[in-house]
Structure formats: C-alpha cells, structure tokens
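Starting off with a structure, shown below.
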Amino acid sequence: MDLNSFFLMRHEMILLGIILLLIVAEIIVADNKKSSIVNLALFLFGIHTLAGFFPLPENSLFGGMFRSNNLIHFFKSVLNLGVFILLLQAADWIKEKVVRNGRSTEFFILLFASLLGMYFMISAGDFLMFYIGLELSTLPVAALAAFEIMQRKSSEAGIKLILSAALASGVSLFGISMLYATTGSIYFDQIILGLTETNLSILGFVLFFTGLAFKISLVPFHFWTADVYEGAPISIASYLSVISKGAAVFILMILLFSVLKPLMHIWENLIYGIALATMFTGNLFALRQQNMKRFLAFSSIAQAGFILLGLITGTQLGTTTVVYFVLIYIFSNLAAFGVVQAISLKTGKENMSDYEGLYRTNPKLSLVMMLALFSLAGIPPVAGFFGKFFLFTAAASKGYYLLVFLAVVNVTISLYYYLLVIRAIFLRKGTDPIPFFKNKLYMRLGLIITVLGILILGLYSPLYDYIYQLSAAFK
Amino acid sequence: MNTVLNINNLFLSLIPAEITGVTKMVMIALIYLGIFAVLGLYLVLLERKVAAWFQLRMGPNRVGYRGLLQTMADALKLLSKELTGTVKADKFLYNLAPYFVIVTSLMALGIFPFTKNLQAYDLNIGLFFLIAISSIGVIGVLLGGWSSNNKFSLIGAMRSGVQTISYELSVGLSLLTMVLLTGTLQLSEIVEVQKDGWLIAQGHIPAIIAFMVYMIAGTAETNRAPFDMVEAESELGAGFHTEYSGMKFAYFFLAEFINMFIIAAIGTTVFFGGWLSPFGITESLPWLGVFWFLLKTFLLVFLMMWFRWTFPRLRVDQLLTLEWKYLLPINLVNIVIMAVIVWLNLSIQF
Amino acid sequence: MIPGISLHEILAVTSVLFFIGVYGFITRKNLISVLISVELILNSTVVNFVVINKYLYPDILEGMIFAIFIIAVAAAETALAVAIIINLYRKTSSVDIKETETMKY
Amino acid sequence: MGSEAIIVFFLAGIVLVAGANFLSKLISPKSDNPQKREPYESGMTTIGPTWVQFKVGYYLFAILFLIFDVEVAFLVPWAVVFGKIGTVALLEILIFLAILGLGLAYAWKKGALKWE
Amino acid sequence: MDILSLFVIVPVLVILALVFSKGLKQARMIAMCGGIIQLGMALNLIFAYIKEREVNKEIMLFTRDLPWFEQLNIHYSIGVDGISVALITLTSIVVLAGVFISWKIANLPREFFVSLIVLSTGVYGFFISLDLFTMFVFYEIAVIPMYLLIGIWGSGPKEYSAMKLTLMLMGASAVLLVGILGIYFNSNADGGALTFNILEIAKVNIPFEAQKLFFPMTFIGFAVLGALFPFHTWSPDGHASAPTAVSMLHAGVLMKLGGYGIFRVAMYLLPEGALEWSWFFIILSAIGVIYGAFAALRQTDLKYINAYASVSHLGMVSFALLMLNKTAWNGAILQSLSHGFMTALFFALIGMIYGRTHTRDITKLGGLLKVIPFISVIYVIAGLALLGLPGFSGFVAEMNIFMGAFLHDDMFYRVVTIVSISAIVVTAVYVLRVVGIMLMGPVKNEAYLNLPKATWYEKTGVLLLLIPIIGIGVAPLWLSNMILESLEPFIQGVL
C-alpha cells in the first residue's frame, strides 16, 4: 500500500471517507439539526462526483484482486453522476419525510455503502472481491427498501429483495465454487488460462450467471422486481432500476468478455434466449400495470433485455454500445422516476390514472416525463434512440438479425405502454387532475440535469467515440 | 510423561491390533465421561463448601466423610426422581435441549492439555474451537426454555441468550488479545510459548486487563451469579429449567458446573501457563503438570465462586450496559494496545 | 483431508444440501424457514470451497478465505433479513410468507 | 488420536444423556394427575398463551452480536499471523477496528445498547 | 450556412419561438411566418437547384457531409436531387396551407403548432438525408408527433386511431431497422469500410443473398408508411380521426416518405432484391389500388373516402416504382406530388365542411354548392383532378405510370397494369358520387342555409394547394425534366 495504490482506489477511499464522516456527523449532530446533514451529504457527494472525473492510472492492487482501468473509472463516474442526480431528487423527500423519523443520515450511509459495493464489484479482479462487492451493493439496498418502517409494503419489499438476493447469491456462489474446482483459482487472470468447456465449468457458469441475472432482473429471475419497486421508497426503486442494474450489467459484461470468453458459444445461446424472454416478459407485463412504480419496474426489466443485445456480441463494439446505453438509460429512467417522485411527494398519487390531465396543470413536469418516456422507448431525437440503435447495431454486427427484429418488435410493444402514460398526461383531461405545484430547488436541479442528459447525450457523438476508445480494454 | 505413554502402550498391548482404534476411542470416551462425572459432582460439592465457608457455616457434612459423598447421594436422588414435563411442551425440543448442553461441554472439555502430551486431541485451532463450541451451549438453553411452554422458562431462556451472546464477544476478544502474543491457536503451543513466562506476565498491563475482562465475561457466560438473571430464583422460579425435573434438570445443573471448570481451564491455559509450574520448579517431572493445571484451574474456579457469594445480582440493563458500554470498548482498545506492544516488542520475556 | 472420504462423496453431500436449500426456499411457508433454507445453500457452498481447496488445490488458501467471507456476509444477510422480518411481524403478527402478498402481478 | 476425537466426544455426550435418561426411566416412580402436567406458574393457572411476543431488544442484541461476532471471526486469523506481518497488519487492523468502533458508537448513540 | 441544413434549422428555431409564445394569435403568427419562410426557401431551392444542375452533374447537389458517430461511420450527410427538391417544395406548401387551415385552433394552440412543425422537420430531414442513419432518425421524428396531434386535437375514436397509427408505423420501422442494419453490415462487400451513406452503398455490389433477404424488409418498412395494401389499415382510421391540418400533412406529405424511401433506399441500394421480389409487391400494390378504390366507393364518411382514395393512389405509386422503368418512375414521382397536393386539398376542404356542418357523413349533406359555393367549387375541381382529368396534375402522373407500366412486354405486367387501370374508372365513380350526393341537389338540413362563407385564411390555404395542381397539370415538362435527370443514376444502378 503506497500512495499510488491509494490513488488507484480514489473513488472507494473518498466514498468510504464520506460514509465514515456521515456516521460521525450522525453521532455528534443534535437531533433538531439533522436536516443540515442532508445538505452536507449532498455537498460531499457532489465533490466526490466531480473528483471522480479526474483521470487515473491503470493498474491493479492486492495481487490482482482490485483492478482498475479507464473504462472502469469512467463507469464509476457515471454511477456517481446517477447517484448524485438521484440524491438531488430524493433530497426533498428526505427533508420532508425522513428527517422527522430521525433516519436521514442512515439513508445516505446505506446508499453510499451500496455504491461502494458497486465500485468494488466492477473493479473486482477475482471472484472474492466480486462477491463481496455484490453483497455489499445488495444488502444496504434491502435495508433501504424496507426503509419506510411504518408501511407494510416497504417491509415486504425489503424481505422480498433480501431473500431473493440471498438465494441468487447462494446459487451464484455454488457456480463460482464449480468454476474454482475446474480452474483452481478465483482470480480472473488465472481462470482465463484454465477455463475450458467441460460439463462442470458450463454448469458452474450457468449457476454463476443467475446471481447477476438476478441483479439485472433478467427473466426468469425478475420476480422480485415489480414488488420491490412498488413497495420501496421511490428513490430506492429508482436506485435499483438504474444504478444497481447499470453496475451489474457492467460487471457482467466484463466477466463475459474477458473471464468467460472461453465459454463464449455457451453464453451466446444462453443470452440469446434470456434476452428474448426478458424483453417479451417485461413488455407484456408492463402493458397491464396501473401503478407507475410497477410500470417502470417492468419497463426496466424490458430494458435489461435490450441491454443483452449488446452483451451477446463479445466485441469492443458491444462494450461501447452497452456502456453508452446504460449511460443514457440512467438519465432517462432517473428522469421518469424523478417525475413520479415529485408527484408522489406532493400528492401521494402513484397511479397512472392519477396522471390524467397532468399537462394542463403541470406542463413542465409532463414534458420531462414525455422526454423520459420517449427516451426509454427509443424515439429520436432524444438519447434513448441512439442507445437502442447502437445496441441493435452491435447485435446485427454478429448477424443476429432475427434477434434484432424481435427486439424492435418489442420496442414497438414498449412504445404502446409508454404511450399509455403519454395518453393519460396529454390526451385525457381527467376528473381530478393533480393541482399545480412548484418543485423545490434540488428536485428541479435533478430533473434539469436529466433532461439535459436526455437531450444532449444522443446527439453529442464525441462521447460515444470516447467510450469506444475506453472499451479497448475489453475487446 | 513416559508413564502416561507407558500406560497407553500397556493398554494397546492388551487388545488385538485390528480393533485398536475403536477400543482406544471407547477407552478415551470412558475416561472423559468419568472425569466429567467426577468433576461435575465434586464441583457442586465444592461450591456448597465454599458457600458455607463464606457464610461461616459447615456446609454438607452428613453423607460420607465431611459430606464428601453428598453429591453422590444427590445424583442418586435425581436419578430416581420422576421425570415430569408439561403436556403443552414441544416434546422433541424439550428432550433435545439437554443433549446440547452436555455434548458441548463434553466436547470442550475434551481438548484440554492436562499436561504435556496428555491431551485427547491437539486441535490446531483449539482456542477457536473452544470459543465456538462453548457458544453452542446457549442453543440448548434457549431450546429448553422455549420448548417448556412456561413463561418463566421463556424469559429465562431469552435472558440467557442475550447474556451469553453478549459476553461471548468479550470472551473471544480477550482471548484474541492473548493470541497476539502466542501467534497460534493450538492449546499445546500456547502453553509452550509460556515457557518464557506466563502470558499474564508477558503481556503485562493489557494482559491483566484482558484477564479481568475474561473472568467477568466468563462468569457471565456460564450464567453464574452475579450474572444469573437466567435462573434468578427470586423472580423466575428457576429460569429456563423450571419445567425440567429429575435427571433432565441434573444435566443443566451439571453442565453449568462443567462450563465453569472449562472457563477456568481456558483461563489457566491462556493466561497462567497451563500445566507449567511456576518458575519451572517441576519441569523435570512433566506428569506433575496435571497437578499444576488442576491447581490453577481450581483457583480460578474458586475465584468464580467467590464472585458468586460476594456480588449482588445485576439487573438485565446493568448487565448489558456492563458488556456493551464498558467491556467491549475496553476490549477493542485493549487489543490495539496489545498489538502495539507486540509490534514494538515490549512484551516481557523471562 | 479426511482419509477414506473422497472428494466426490463430499461434493455429493453439498449438492444434496444445496438442492434441499433450493427446495426449501421454494416450498416453505414460513419466512424464517425460507431464511434457513438460504443459509443451507450458503453453507453448502462454504463446504464446497473448503473441500475443493483442501482436496484439489491445497497449496493456496483461496477457497478457505472465500469461505470465511461467505460466512461473514451470510451473517450480515441474516441479521438484516431477521430485522426486516421482525418489522413485518409488527405489522402482520405473522411470519407467514403469504403475508407478503399484498402486491401481486 | 486424530480428529475423530471430536466425534468420540460427541457420541460420548449423547450416550451419557441417553443412558442416564434410560436409567432414570427404569428406576423412577411414575404417577400422573392433571395438575402435574400444567406449566409451573407459582401455583397459579396459566393465563393466555405462553409463546408470546418478545421485547424487540433481544433481537437487537442478537443482531448486534451477530455483526460483532463475525468481526471477531476476522480478527482471529489476523491475530494469529500478526507477529509475522507487523506494520501493515497493525495499520489495517486500526482501520478495521476504527470502523468497528464507529459502528459501536453509532449503535450507542442510536440507543441500541439501551435496555428499556 | 448551407442551403439544405436550413430546412432543419429554421423549423427548430420556429419551435423555440413557439415555446416562448403566448396565446393563439402569437402562436399562429409565428407558425405562419415560419411557413412562409420555408416556402420561400423551397422556391429558392428550386431555382438554385436548376441553376446548379446546369453546371454540376453530380448525383446529389448541395451536399454536405459532417462526421457524426465516426466509429460507426455515421455521418450527417445531406444533399438533394430533383426528386427531393420537388418533395421539399410540396412539403413547404402543405405545411403553410396547414397552418392557414388551423387558423382558429382553440385547444392548446402553441402545442399544436409545435407538433406540426416537429413533424415537418422530420419530413424535411428525411428528404435531404443521404445517410441511412440520419434518414431513419428523421423518419421516426416525423412519425411520433402524429400521436399527439391525433390524440389531442383529433375527433372520434382518436385515442384508438392515434395508438394504432403510431404502433403500426413503429412496427414498420422495426422491419426497416433490420433492413437498414442488414444493408449497413453488407456495405463492405467490396472490401470498403462499413457505411450508411446511400451514395457509397450504391456503388457496392451487395451479395445477392443479402439483397434477397433485406429488400422485402426495407420495402415493407417504408411501404407501411405508404399504405401498402395489407398494412394500410392505420391510414383510414388515422386520417379520419386526425384534425384537418394533420390529415393534410399526413396524407399529403408523410405518406410520401414511404414511396420516397422505397425508391431511394430499397430499390436503389438493393436492385437485385427488387427484381427478385417485384412480382410479389406488384401484386400487393395492384390489390391496394383496386381495394382502395372500391373501399372508397363504399364509404359514406368523407374522410374515409379520401383515406381509401389515398390507399389507392399510393398503391399506384409503389406499383409504378416496381415497374422498374423510367417513365413509370417519373409517373410515380409525379403521382406522389400530385396526390400530395390533391389529398391535402381534399382534407382541407373536408375540414372546412366539417367545421361548418359538424358532420362528415355524405348522406346527411346535400346541396352544399348553394350555400358554400367557394368550398364546393374547389371541391369539384379537386375531385376532377383526382380522377385524372387532363389539365390537372393527376392526369400527367397517371398517364406516365400506365405508359411506363405497359412498356413491359411480359404478360404478367400487362395483366396487372390493366387491372390497375380499371381503378381509374372506380375513382371517377366515387368522386362523382360524392360530388353528386353532397354538393348537388336540395339542401337537406335547414341549418345549413346559414353556413358562413369561406374566410380569407381558408381561401389562402386552399389556393396555395390548388395552384400547384393546376401548375403541374398545365406545364408538367419542367418538373418532369428535373425528375428525369435525377432518375438517371437510378436507371444506371438498377436496370
């Protein structure tokens, strides 16, 4: 451990420092001044986000357990940005609802701890670090899902999340133990050398895959998703669908493209099937949802299916498109959740029918929602279109035209239910529309950033090229 | 030493080679059962005697010479008592509970080095094993209390649970403090390290703190007064074993005393050099190690009895406060101090 | 390494344990039982790691270390799960799994 | 004697309990009446169910224990090899214990250690 | 600033101006100014094009190429030939007319004009794109505002129609996307780099197998927008529910995207695939022509009549395109233009009639010629143009189409051509039927006697559309020449 390696873990170190600082703050700050901690946390995390963008050397630590390169740094910064937006959107909720219960700091501590877990997960150089990261990123979220202790739904969400997470990680570990048995190591570098296609290694891979499939909520490991999203506080649903999923996709991609490359034509087929199942299930179930959170849950399941189209390639193009899509997806979904949160905070309404006539009372929010949904659906000129198009390009580059076709059919299906929301907001007048309200500064800031992201990310192409250069690490 | 080996060889020569292993095992099991029974019975007697001594009484003095056979008689009495139990109890768990307490204490007892090489099994993670196995006993208590379907039992069992697990932390941490000095978990090696001075002397101040914490926590872990909220005769009837009678009660009773012995024995092994004689005076006679070991252990046992008849019972909140707000932080700091001492090589070697 | 017991036998046991866990997870009606089933799964993997390490690759203790971490994480998981179950119990006075079905489809 | 000693002691314990139970069954008297089978409650008839809801404090301490006990489990290997590693181990454990201590302080502040 | 990018930039500026406008008056003034500027730009483009064409013999003029996503070789690449110029002009005229027709829009006027102009941006962008990706982007931009336009300002079962329209068109783009990606990943068949650029792909000999696979996808993808027979069902419902200006823009312009796309992408880039599949799509188109005409005959709702007429006429466009010869193609382009103007005019008139009588059912209307003479006269003129009376644009277009179609000496082609021509008769029947029932005869409803006369803005809008119809009909040659010149590269490439 010298200074250099300390820098290599800059993201982790700073975030850990923030967490500890917040715990200290929680201990020493008097109860009636707790709301200042919200500002403190936002401030600290904002600095952390900015600091994350500075370039770092590429290297590995702890004998290869922790490794880092520019793509990983970039992705951590992306996650930071996402969390920062999320915090901005959550700040009002925390100030109005949580501080009173005296648990505002815990929200930040748990959230940051989970983020820390994701850092470790995506920086993992061996399965141990990966596993610890995975769990560290899941467990605090389960606590957060059960955060509204006075509501039964919240507890249910928490228990569902943690039990399914535990099952998935258990199954995944069993798979890892098989991979360990075949290759004799848990280090990625060693595993690449030793991995061959044997029955044991294939079984191990498939079992291992479930763990991440759970986190990305791929079919058939998606059962928890909708319930947890519905029961959990909106910020957490948003966190699960955006940050958590993004990080899991990223590490899955790294693993598939580097460590598990020898098993490529096993996982190609696996992902092909799962991608189809996920897209269709997510979309078809989303059709009938009335609750906005559940709606977005199934929509995010479907989006995960689309992401797999980029994963199936195993090429640099695939890496780029996946990272690019996830980046866009973060902004789009955060915008959608942000609007849901703003409305829920002010009125407590979460159903699609409550949104009827929203445009006439709250045009700005409605437009944000429209942009977000169009971005999710993949309608130009907003960013989502570009993300999806490139994913399809990636899949087509390997000749999966049928898959691309079915995926685009799914885009059409998804457009249907996104339009249902648009219909409620714009087309309907509504018997009891949500009255006009003004958002507070943080929420507005959070929404503005997402809207800027949605509008700019797609059209601004140097970003794509930048990611492409970074992706050279995982060809 | 040689004597022990010779005895061993003598046994081995008496029996056919092909059944050596099994026979040996049975022999050992029998020996330990014997030790177990004798220890259990006479620790009870010792307790009563000590109590009497503190209270300026005679104590048991009718059965046998100065009451030496008193506990034998008690045991017989318990054996011949009717086994009652409520219909509402969860029968399976109710009957299972005694097994837990007895088996764990027997297993813990099994790995002590009474003297050099006189040890049933020299486990390389001995200390760890001891900490682990001693915490299983609480499951028996919990099961017994819960399955009895009796409010007193339930409250007693819950108290026992919270108390045992709390103090287990301190036991573990204070022993780990000493592991820093020894660098091994194997009991025999821990003792060997102390050839240069018992650990309580080697580690001077932190070791003394660790020992004090250990004794307090150990006493609490065995649910003995002043930490006997579990039984708390005056408030809970008899606590978790209210519904147990006859032999079934005796198991809990027995296990409690054996556990006391085990705690003392661990203390002896880790802090006071196990079988080693003070200043190496009897090093030429290894088998005297048994004597030294037992002497030290019984001194510690006496210490624990002394506690019992000196301190008043704590309330639950006091008990938990003591552990979580005093012992645990002290322990955490202590372990760091000890680490610094080891790092700076400040430990005292004779 | 235990003489007389081969790797395959132990792995068979852990596999059985694993599937008992999965089966329990699916069929049990009590949240605590479900939690215990999960612990079974985790424990089977712990044994797997230790045994594979010991039998196949005894030189480097990767599997052992992994096992320790699994235990630690499992403990955290259990602590959290129990906490949430208690909270749920306060609402519903039951730890039955069907109490968690207010949200469906 | 190898590791089978553990099994031997385990079996011995079982034999002891089972044997004594058996012996006791043989020689103990048997009589029955309904009162005898009631749970003991200082001579009163029991009121209400016995398996009642508990103070959450017990679970709180159980969870605290779980966390700290696992930390102890991590300290064990560290303590064993501390002498051989030295400075780095000291630094790392300082960080480890600092975080652990912070956790304890947090629990303290939050009133988790208070028995009401 | 280059002359073509302005067609994207100006609408965007207009949208920005609209966002900050307040009330109906400001909004429609801004929209009108924007429309007039665009019309000016379009006319300017025609003259500039003709001037440039004399000296420059490139396939595309005014080209501009900016790298966008360099990694995937995606460029913002624009340029026009005679066909695009004509269609751009069509668009600008219809948009301006649409603004006039929507002069009194009451409900959320600002949003209405914004959506309308977003739509027109997509159309302009589509016509000027030379890059498949850019083209696809603009295509989708053009499709989506339809949902809001129909859903918010429409009438009847508007939510259903809007949803159906949007989903069918998006479904079509699903097929199209696969086709485009297929073309893209085969564009390195000659060893070059992968590219989306149409001109460069045209030089590549895409393998026959790929052409065979991707031609139908690309074709169907565009043809759905062009209301190809089995995929036309969105169009009558959509048109019927849409507000007037949207129907105009949609039938007049947006549906032309389909024909244009078929021509520029499917046939130009995949000629062998086109040859292979032409028989199949010719049959579909011919059915569409006949079916549309007969369906129009059966309807009593004015908008449905017109919508089915569109199906029939656009069927003729794709029919002509598939005939694969110069004359037929020329006719197809002319038909696109003429149908664009005519159908926009029709919808405008229907909108006016509906706005006055509040019904579109021809059986309830009658004798309108007496009460609203201006509108009725224009309706008659438009009807005559639609049935292909010489002197109007429809005649020129259909003449060219059937001439070209009959040039084939293959039996199959002749048979389908004859069958399709019979649709002209049916067209005459349904046009005259409407005129007879609705305009002639006694006034059926007392209330209709007091119908207001056409206002100045309505007249302006109608005349804007009428002038080109007559213009093309009377002097088709300059337009034909412009188109025929531009057809040269296609003829070289495809035939």
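Chains: A, B, C, D and E, in written order; residue numbering restarts at 1 for each.
Keep this in mind: a residue touches a chain if its C-beta (ideal position, glycine included) is under 8 Å from a C-beta of that chain, and two chains touch if they have at least 3 such contacts.
Model, not experiment: these values are computed from the prediction.
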Min route length, chain touch network, chain A to chain B, equals 2
The larger set of C-beta contacts, choosing between A-C and B-D, lies at B-D
Taking mean C-alpha coords per chain and comparing to the overall C-alpha mean, nearest is chain A
Note, CA centroid farthest from chain C's centroid sits on chain E
Between chain A and chain C, the Cα-mean centres are separated in Å by 26
For the pair chain C and chain E, the C-alpha centroid-to-centroid distance in angstrom is 64
Chain-centre distance (mean CA atoms) for chain B and chain E, in whole Å, is 94
Distance between the CA centroids of chain C and chain D (whole Å) is 20
Note: chain D residues in touch with at least two other chains are 3, 62, 69
Touching two or more other chains in chain E are residues none
Going by residue number, chain B touches two or more other chains at none
Each pair of chains that touches is included here, namely A-C, A-D, A-E, B-D, C-D
In the complex, the residues of chain A that touch chain D are 1, 20, 23-24, 26-27
The answer for chain E against chain A in the complex is residues 67-72, 74, 133, 136-138, 140-141, 144, 147-148, 151-152, 158-159, 162-163, 166-167, 170-171, 173-175, 177-178, 181-182, 184-185, 213
As the complex stands, chain A meets chain E at residues 320, 374, 379-381, 385, 389-390, 392-393, 396-397, 399, 401, 404-405, 408-409, 411-412, 415-416, 419, 422-423, 426-427, 461, 464-465, 468
Residue set of chain D touching chain A in the complex reads 88, 91, 99, 102-103, 105-106, 109
Chain B contacts chain D in the complex at 24-25, 28-29, 32-33, 36, 78-88, 98-99, 102-107, 109-111, 120-121, 123, 128, 146, 148-152, 154, 158, 161-162, 165-166, 168-169, 172-173, 176-177, 179-180, 183-185, 237, 242-243, 246-248, 250-251, 316-317, 320-321, 324-325, 328-329, 332, 335-336, 339-340, 342-343
